[in-house]
Amino acid sequence: MSTTTSTPAARKPTSPGFRERVTNLPKAVKILLWVLFAIFLFLLPLLNIPFITTEGSDFGGVLFTVATYVLVALGLNIVVGYAGLLDLGYVGFYAIGAYTIGVLTSEHAHMSWVVVVPIAIVIAMISGIILGAPTLRVRGDYLAIVTLGFGEIVRLTLVNSQWLGGAQGISDIPKPPGFELFEVPSIDWSSGAPVVDLDTTSTFLKFGINDFVPYYWLALGVISLVLLFDILVKSSRVGRAWEATREDEDAAELMGVPTFRFKLLAFALGAAIGGLSGALFATKAGFISPDSFQLLLSILFLAAVVVGGAGNRWGVIVGAIVVSYFPERFREFADFRVLVFGLALMLLAIFRPQGLLPPRRTVRAKRADDRQAVLEEGEASV
Amino acid sequence: MQNLIDNFFAYTITGLTIGAVYALVALGYTLVYGVLRLINFAHSEVFMYGTFAALWVVMLLGGRPGAGVGQVIFWVAMMFVAAMAMSGFIAVLLERVAYRPLRKRNAPPLIALISAIGASFVLAEIMGLRSRITGWVGLDDNLRDYVRNSRNNAGMPTIIAPQPIFTVGGYHVTNVDVFVIVGAIAIMVVLDQFVKRSRLGRGIRAVAMDPESAALMGVNRDRVIQVTFLVGGVMAGAAAVFYMLKIGITRYDAGFILGVKAFTAAVLGGIGNLRGALLGGFILGLAENYGSAVVGSQWKDVVAFVLLILILLFRPTGLLGESLGKARA
Amino acid sequence: MRSTLKFAVPLAVAALALGACGTKGGDTATPAASGGAAACGNYKIGMFGALTGPNANLGIYIQNGVNLALDDYNKKHGDCKVTLENYDSQGDPTQAPALAKKAIDDKKVVGIVGPAFSGESKAADPAFNEAGLVTITPSATNPKLAENGWKTFFRALGNDATQGPAAAKYIKDTVKSTKTFVIDDASEYGKGLADIVRQDLGSQVVGNDTIQQKQTDFSASVTKVTSSGADALFFGGYSPEAAPLIKQLRDAGWKGTFVVADGVKDQSFIDNAKDAAEGTVITCPCVPADVAPEFQAAYKAKYNEDPNTYSGEGYDSATILLDGIAAGKDRASMVDFVKAYDKKGVTKQLKFDAKGESADIKVFAYKVEGGKIVSVGEIK
Amino acid sequence: MSDPTQPTTGDDPTAPAGTPGPAGPAGPAGTSAGTSSGRAEPTGGRTLADPADEVTEINPDVDIAPEDIGVPVVSEGERLLEVDEVTLRFGGVVALNEVSFHINKGEILGLIGPNGAGKTTCFNVMTGVYQPTSGGVRYLGKPLGKRKKYQITKLGIARTFQNIRLFANMTALENVLVGVDAHHSTGVVSAMFRLPKHRREEGQGYARALELLTFMGLDGKADELARNLPYGDQRRLEIARALATSPQLLCLDEPAAGFNPAEKAKLMELIRTIRDQGYTVLLIEHDMKLVMGVTDRIVVLEFGRKIAEGSPAEIRDNPAVIAAYLGVDEEDAS
């Protein structure tokens, strides 16, 4: 474990790595890079880049799935990565979000999508509190199995409750209201070089049945909001309290951290984001049934977080992409997908236990340096 | 409810039979948790491989209904040998491949869990893909019956025809019921004595109590851990035999839910506590059956999980308390 | 709208920083992959269903039938072969929409056999409908699928609403049961069917239970059945649960008649339940193999086993689409072709009503005898 | 200790006093820094560097006086905390047996006793880790009752740990900030929208935390991960973190364990400075020299009982103490 963070002695002599070079770039260049990156993400489903684009399934649809996984991973990262609570039943919240959409827009009411999404978030959050309040007092190891049980309880309730559609699920979930601003063409590579194909376009932002790209854009927008939220909250008292609780719960409590309250908060926020992802999923799918919320999904979600590097938001994003994209990209493995996935998990655990992108403290340390300099300057000037 | 009261003994006896299987599988979780403080997520697959070993040995020996007593005893004995060997082997293999490398690197428990989940997928999928895997090496023709339809159920001929022996409250208790319940308890007693009295058993307890002191006192921790996995695996093998005698059908994914239930049983009784596992298994089996009788079988798993949550709320260390080292076992 | 393109194109180019790049207009939707004969459309048909994963058995039985139909066609039309494109959903509704989009975007695909399950049908069929791509499902039996007004939806077999009453009738008239117990597996298919049977049998139902899929220990259900004194049990569900259920019932000494539906019509049921499966009655809206001996022979020659559940329906569904291609239909005109289709297939007279349901539905009863599923005639 | 992601450290400081680990310095002080014998190992399993390098100069001039946290002010010499006939049983083991003593405002009280005497257990009762079986603790004249640990901290009792329990994967600054946060109330909403409250508290918090680090001589190491700090710095960081909660009473649990004489001298100086800045200090220590040199009064425990109480001079001459403690454990007292 201790190999992940460089000691001061080791840090100084090494020549600046990629990361340092990027962080040292002028601010304007950095902003430009970010903007270019955002545009790239925005256009990704239409660029049809060879090799990256999935052959077996629609790339826009796959990217949307990847985006929901990213969102879920960000939410679960708050619970697992920041607060250190092992949650094996996260799919329960995902299902609750999706079913709130289903019930309120199709099955029992026809409320507007814009109204229902916040309701879905709130209901998922409340269910997180209801589950967390009694169970977060039990030991961490047990929490895993309790949450696993919760995920199953949710699914079985969905299967067996006719009010919620039973095994038939809920269909005809309406599309969200959209607006049509402009069309974006796609790129065609069939002649070997990129050619702009003006006939295959996606409209920003029209939510149809046969074009998943607008849903991907929606998810992209939601992800950036959640990321911003994550960054702001993590770098505050709340984030520190979570980390302290994860590191040493008793010591944190003795340093004045109401650990239970913060664990519950992490659980509720994680649940809310899980519910939001479920809501997006239901919106795009138009049809939901308990089959879409199998226990295996919880495990995949957790794997996304751990594979990427629990505690590092960029890491878990990478993890989510790995877990959701690769099985689609390599559909030709077909029957062997799960086997390969299992092997990958084992190898990763053995050879890179911190995840692909372990939490990096160095960047944060650098920022703290700057802050200190600012403070000293301030004092000097007074 | 009326149905439960009318058929109370039927629900009780059948609940105890499946509870015995839970209990034996729960032992594996409890033992490993006791010495390593981690949830051996892949233990369910150890059990599943045992069921297949039991099935295959019966197929190999040409097991069929209505054979003579001597023949049946031989078959059942061979089932035990095969299933225990297979499960024990898989458990030790698991420890070697999925856990030991992590332990050497001092990885956090969460990583061990991920490794275990990976191992669980790999083991289950190998069984689920056995027809294709054996196809590559060209053994398909010889083994066709053993690997056919590998994503589907695999059924075993009934070698012990259930015969009512005596009647309790209107329920005809069969020879299989008695064999499973009594057999499971007997195996538990043997294990209890093994942990209590043998040198290796004392080693297990010492490591469970305090790994560092145990190491100082000359206990070879790696060896103890290996033995713990082996013992847990052998118990799962025994469970697999009982399961096959009672249910008779297995599948590549048969371990998963049963594993979750068994883990629930272990936590119910107090994880790390051997007698707790037995108690937890029986209680879970009963609760599921009673619950199914009252609210319908579709809520069976919900009953089990709600029970678990309630127990953890009101008695967080399980019914009999934790710790392999300190508890009486 | 077109003017906004100018904004997006340079950006895409810049982001890629790749060489030659021009805009391509015109009406050709997709580039011609290979320059075949002008008359030959290089058409494909799609097979949409679970081909891998835990539910793959059914999908593969169907795929076998489809491949057989393709072989027949390509033998006759060697100069312009039709190929099969597989859309392996693993039976998962979550994956279905993106696969449907893939099929829709491939303009060579003129028709789909599938989706195989009801769940994925609900997820994918709206897209097919919007795109006007014909789907003929050989196996999804949920009655509600036909109620959505999908113009492209066709079903090559009877739905649960036709099978349920037949099963109930058989239990009443042929099994002559007076006390029937009904169990379902809470699945869309199983519960839907069992509810119809419950309704039709009325007061003769002495007890109900619902089990979970993947459940293996049925001791509670067994106790309920035996204590109810039922002389027949209808189970709405699939073979993985039916096999252990009947085995445990027989082990507990229950002697009644076990009645199941097409979800259990599968050799693996008998392989696993072994002797306990004997005497099980299976209803199925599928024609017995001996009705179409040629198909049976061809299937056996190719796959070395008898046609299995829905292999015949798969063959028929594919044949309809292939006939359409032979008649020069493309994707747009295929819908009307299928709607007007009326020919004898290997399973039944292939003809659809206004909703896309098979017009000619026969439900047959089968029985497990001597380890084989044998037909005992049509339920009338 | 139940957290699955928590790095495993040595033994459990909250364990009953009946099962203590080995004592502090095993050999003559100063010969080796690795005296913690795998028990009080610094978090993260880092190998110890030569302690001579680690003597960090503290900056006693920095004003770190406790912030006003709304606790009623007690004047010098008045009773800050009273331990009143506290008995604590674990099953059959009596860890504390009717222990009574008090701490006056502004003093440095030593709590000593042989291994297993119940010193840390006593800390645990005072800080709410354990509820006494009978008796109670009064703070500022009011019983602590069943207050939770973090509530007691907010009231003004802070502590360090016998085996260092820093937040290993957080920086030194963040460790201290967690302590400062004890009196903050920024929640998700103010953090999310960067409301004035968040900005004010963050600003004050950083300033205060940096002050404390500077005071402790750790200002250059604010951005090191706690687990990468040298052993001595980790000990000092624990004290800084405890001070950050603005306590009235600072409880130090063997702060000098594993220090060489030079470091111990520094530490004594530090403890005095802390007291001079307005804190009351309760000190558990094995090193008799340290205790005698720095404390105003001493309470001696043995087998969960108080056997003596008095000034260092009185304790030095108390026959019961000599018999129970010095006689048995002479080396430690060197």
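Points to keep in mind about this one:
So that you can tell them apart, the chains are marked A, B, C and D in the order they are listed, and the count of residues begins at 1 in each.
We take it that contacts are C-beta pairs under 8 Å (C-beta built on N, C-alpha and C of every residue); 3 or more make two chains touch, one makes a residue touch a chain.
Nothing here was measured: the structure is a model prediction, and the numbers come from that model.
For the pairs A-B and A-C, the count of C-beta pairs in contact is higher at A-C. Distance from per-chain Cα centroids to the pooled protein Cα centroid is smallest for A. Chain B and chain D have centres, each the mean of its CA atoms, that are 48 Å apart. Chain B and chain C have Cα centroids lying 37 Å from one another. Shown for chain D are the residues in touch with two or more other chains, namely 4-5, 7, 45. Within chain B, residues 106, 108-110, 113, 296, 298, 301 each touch two or more of the remaining chains. Multi-chain contact residues of chain A (touching two or more other chains) are listed as 1, 86, 139, 141, 144, 156, 159-160, 310, 335.
Contact residues on chain D toward chain A in their complex (touch as defined above): 1-7, 14, 44-46, 127, 129, 148-150, 153-154, 158-159, 161, 165-171, 173-174, 177-179, 181-184, 186-188, 190-192, 194, 198, 201-202, 205-207, 210, 222-225, 227-228, 241-242, 244-245.
By the touch criterion stated above, chain A contacts chain B in their complex at residues 1, 80, 86, 134-135, 137-139, 141-142, 144-146, 148-150, 152-153, 156-157, 159-160, 299, 302-303, 306-307, 310, 335-336, 338-339, 341-350, 353. Interface of chain B with chain C (complex): residues 3, 6-7, 10-11, 14-15, 17-18, 65, 128, 148-149, 151-155, 157-158, 162, 164, 172, 174, 176, 246-251, 253-254, 257-258, 288-289, 292-293, 296-298, 300-301. Residues of chain A that touch chain C in their complex: 36, 39-40, 43, 46-47, 49, 56-58, 60-62, 64-65, 156, 159-160, 166-169, 171, 181-185, 187-188, 190-191, 193-200, 208-212, 281, 284-289, 291-292, 331, 334-335, 337.
Residues 53-54, 56-57, 186, 209-212, 214-224, 226-227, 239-240, 243-244, 247-248, 251-253, 268, 271-276 of chain C are the ones touching chain B in the complex.
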